[in-house]
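Submitted below is the structure of interest, expressed as structure tokens.
Labels run A, B and C following the written order; every chain starts at residue 1.
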Amino acid sequence: MSLTDVQVQAVGARETPGFAALFKIEMLLALRKRADIANPLLFFVTVLALLPLGVGPEPELLAKMAPGMIWVMALLATMLSQESLFRGDFEDGTLEQLALLPQPLYFAVLAKSLVHWIATGLPLALLSPLLALMLNLPTEGYLCLFVSLFLGTASLSLIGAIGAALTVALRRPGLLLALIVMPLYVPVLIFGTGAVQAAIDGYAYSAQLAILAALLAAAAALAPLAAAGAIRISLDN
Amino acid sequence: MAWQWFHRLGSPRWFYQKTSGWLPWLALASVILLVTGSVWGLGFAPEDAKQGNSYRIIFIHVPAAFLALAGYYIMAISGAIGLIWKMKLSFAVMRAAAPIGAVLTFISLFTGAVWGKPTWGTYWVWDARITSMLILLFLYIGVMALSHAVSREQVADKASALLALVGTVNIPIIYKSVDWWFTLHQPATIRLTESSSIDPSMFYPLLVMISGFYCTYAWTLLTHTRALILRREMKTQWVQQELAGEK
Amino acid sequence: MSVTTKSPVVLQVRDLACERDGRRLFEGLDFSLNAGGAIQIKGSNGAGKTTLLRTLIGSTSDFSGEILWRDKPFPRGLRSMRESLLYVGHRGGVRGGLTPLENLTWYGATEASAMEALDRLDLFGFEGSLCNSLSAGQNRRVALARLFLPQSPCLWILDEPLTALDVAGVAALEKQMANHLENGGSLLLTSHQPLNLPGLNFVDLSDFLVEESFSDMGGEHVFN
């Protein structure tokens, strides 16, 4: 029996990478693909710049539409960039290797969603005052717009990860991903625009922001679980 | 083994043969209840004081909306059972429930629109319930689209079951948020959602119609599930015998 | 089947049957893998070699029968098995956005050991280029370089490791495998090419084919 123990020890097992290591490597990969970060932002700005060409340049009309339009475009920009969230890792087999780690896939999904948010949601939130200015949003709404996008896009990244994980093995997931994910985005959209609207109208908006934060907390706890399950299902292809 | 009964329950063959006997009774109950309910509701129930005869569409609208939502939970729960206990049968139930639920959601939306024209003067209003129903329809369509997009059937089963479960968690949140959104955007207009207490003379035929719809739903679900089972188990001996016996 | 009767069994398969897309691939599969033992899974295309490997690493749980890791049956044994598993599948698990060096570091190597492993597989000089820009064969070798790292996990499961390797690469790999077995490691692999490995055992999936009369009843007795 002692012989066995020696043999087993001679051939060791590797340490499993923790959340920090997963996050670091995902950040490194994201920074190397800067075009992927720039594209959703450019999409966001371009579409919103086209809006006055479609509906006319009247400041009041634009101001009325601004919260909703900015939020809907943020939603689309996040969703469009989500398609590639797991794709590369699926194709090169990294996802399969991550699924084999003794630690749960939850942390890998959480790390990926966090990096996705840093690469898309966060810049969108930072850029939003500029677009608010272009669309003539009343100044009372600026801070609220930023905070609501800051919180809301994080939820969107987490929820979208479920859709991305379910469709990762499909050849052309684009429209299907939208179909799956859009209904799930509804609460975030409603409370995001609701908060900004309340701010413009001069009401208190902390309740809406608190709900957005609560949605984020729930999404952070549950969405990676669902996405992890979806990855295991998709890998069985 | 204690699991034996459970596995037998999950056996498509056992299910198929067991349910053969139920179908005629369900069909009979559906016909009786639906005919009674329609005749009672359309012919004998009194006219509404405010809406006249146009309210009578609730005898279809309300049961359809009821089952559209219940159907989503039936779909999600059978998907969950399939995921947890790896039962082929419950996946078949889930797959069968999706299109039925989607059709019922559509019926409730359509009848709602028809009802809206004489009541609100327009076919479509962004009312909280209508909007929630529309989102429910999208949820159904998402599950169906996903199950059709994945080529391997076993993977498609599991993936759509998971999506249905995610939808289940989301439905209450969606309903609550849409409700809140509606109160925000709707300055006091007629709120049909707060139905003033319904008179028993209208309520009883409605109850009959709801039970009729439940029976019809059960019959449709069973028939669709049985058809799916036959297609999936086509190569097995018992299906061959079953088909040969029916000739 | 065992090489040395003394060495303990690490992985045992009893009466295993797998199905894919409603078709039974094989059934009644029995074998055991010892510490220091190597098994090559044989079988024609579509016989279920990859499905068997994926079942053994727990990627799919649609099987009947028993799999035991160090006497603990799945799924309980799966967790501890994964702690000592090195799996290289068809898709190597090499991130295209990283360099070979970074990829190996991710798999737990120090820089020095990663460089040495890459050198053994003739990848010296490529350690700093992104794997996106390397050829398929080179990416394959980066994936296999994991086998050359010190402190390797004790169970290797490899799906077609020899594909896209040149003669020198195959020789280096065989040497490393022999080394691994000598150190008490175990190896399970599929390969279309013959492998020069002392003490290699074979399991042929065509010996466990489903007989026609049974397949008719396939849907009935196990998988429901």
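Please note the rule applied: contacts are C-beta pairs under 8 Å (C-beta built on N, C-alpha and C of every residue); 3 or more make two chains touch, one makes a residue touch a chain.
Not measured: the values here are computed from a predicted model.
Trainee: So how do the chains connect up here, line, ring, star, complete, or something else (other)?
Mentor: Its topology is that of a complete graph.
Trainee: Chain pair with the most contact pairs?
Mentor: A-C
Trainee: Taking the mean of the C-alpha atoms as each chain's centre, how many Å separate chain A from chain B?
Mentor: 32
Trainee: Roughly how far is chain B from chain C, centre to centre by C-alpha average, rounded to an integer in Å?
Mentor: Comparing mean C-alpha positions, chain C is 47 Å from chain B.
Trainee: Distance from the CA centroid of chain A to that of chain C, rounded to the nearest Å?
Mentor: Whole-Å distance between the two chain centres: 35.
Trainee: Hunt down the residues of chain B that sit against at least two other chains at once, touch-wise.
Mentor: In chain B, the residues touching two or more other chains are 152, 154.
Trainee: Spell out, as numbers or ranges, the residues of chain A touching 2 or more other chains.
Mentor: Counting only residues that touch two or more other chains, chain A contributes 236.
Trainee: Enumerate the contact residues on chain B facing chain A in the complex.
Mentor: 135, 138-139, 141-142, 145-146, 149-150, 152, 154-155, 158-159, 162-163, 165-167, 169-170, 173-174, 176-178, 180-181, 184
Trainee: In the complex, go through chain A and note every residue touching chain C.
Mentor: 3-4, 6-8, 10-17, 21, 25, 28-29, 32-33, 88-89, 91-94, 96-97, 99-102, 232, 235-236
Trainee: Would you mind writing out the residues of chain B in touch with chain C in their complex?
Mentor: 7, 10-13, 86-89, 152-154, 232-233, 235-238
Trainee: Quick check: in the complex, which residue numbers of chain A touch chain B?
Mentor: The touching residues are 162, 166-167, 169-170, 173, 176, 179-180, 182-184, 186-187, 190-191, 194, 197, 215, 222, 226, 229-230, 233-234, 236-237.
Trainee: Which bits of chain C are touching chain B when the two form their complex?
Mentor: Per the touch definition, chain C meets chain B at residues 21-22, 61-62, 216-220, 223-224.
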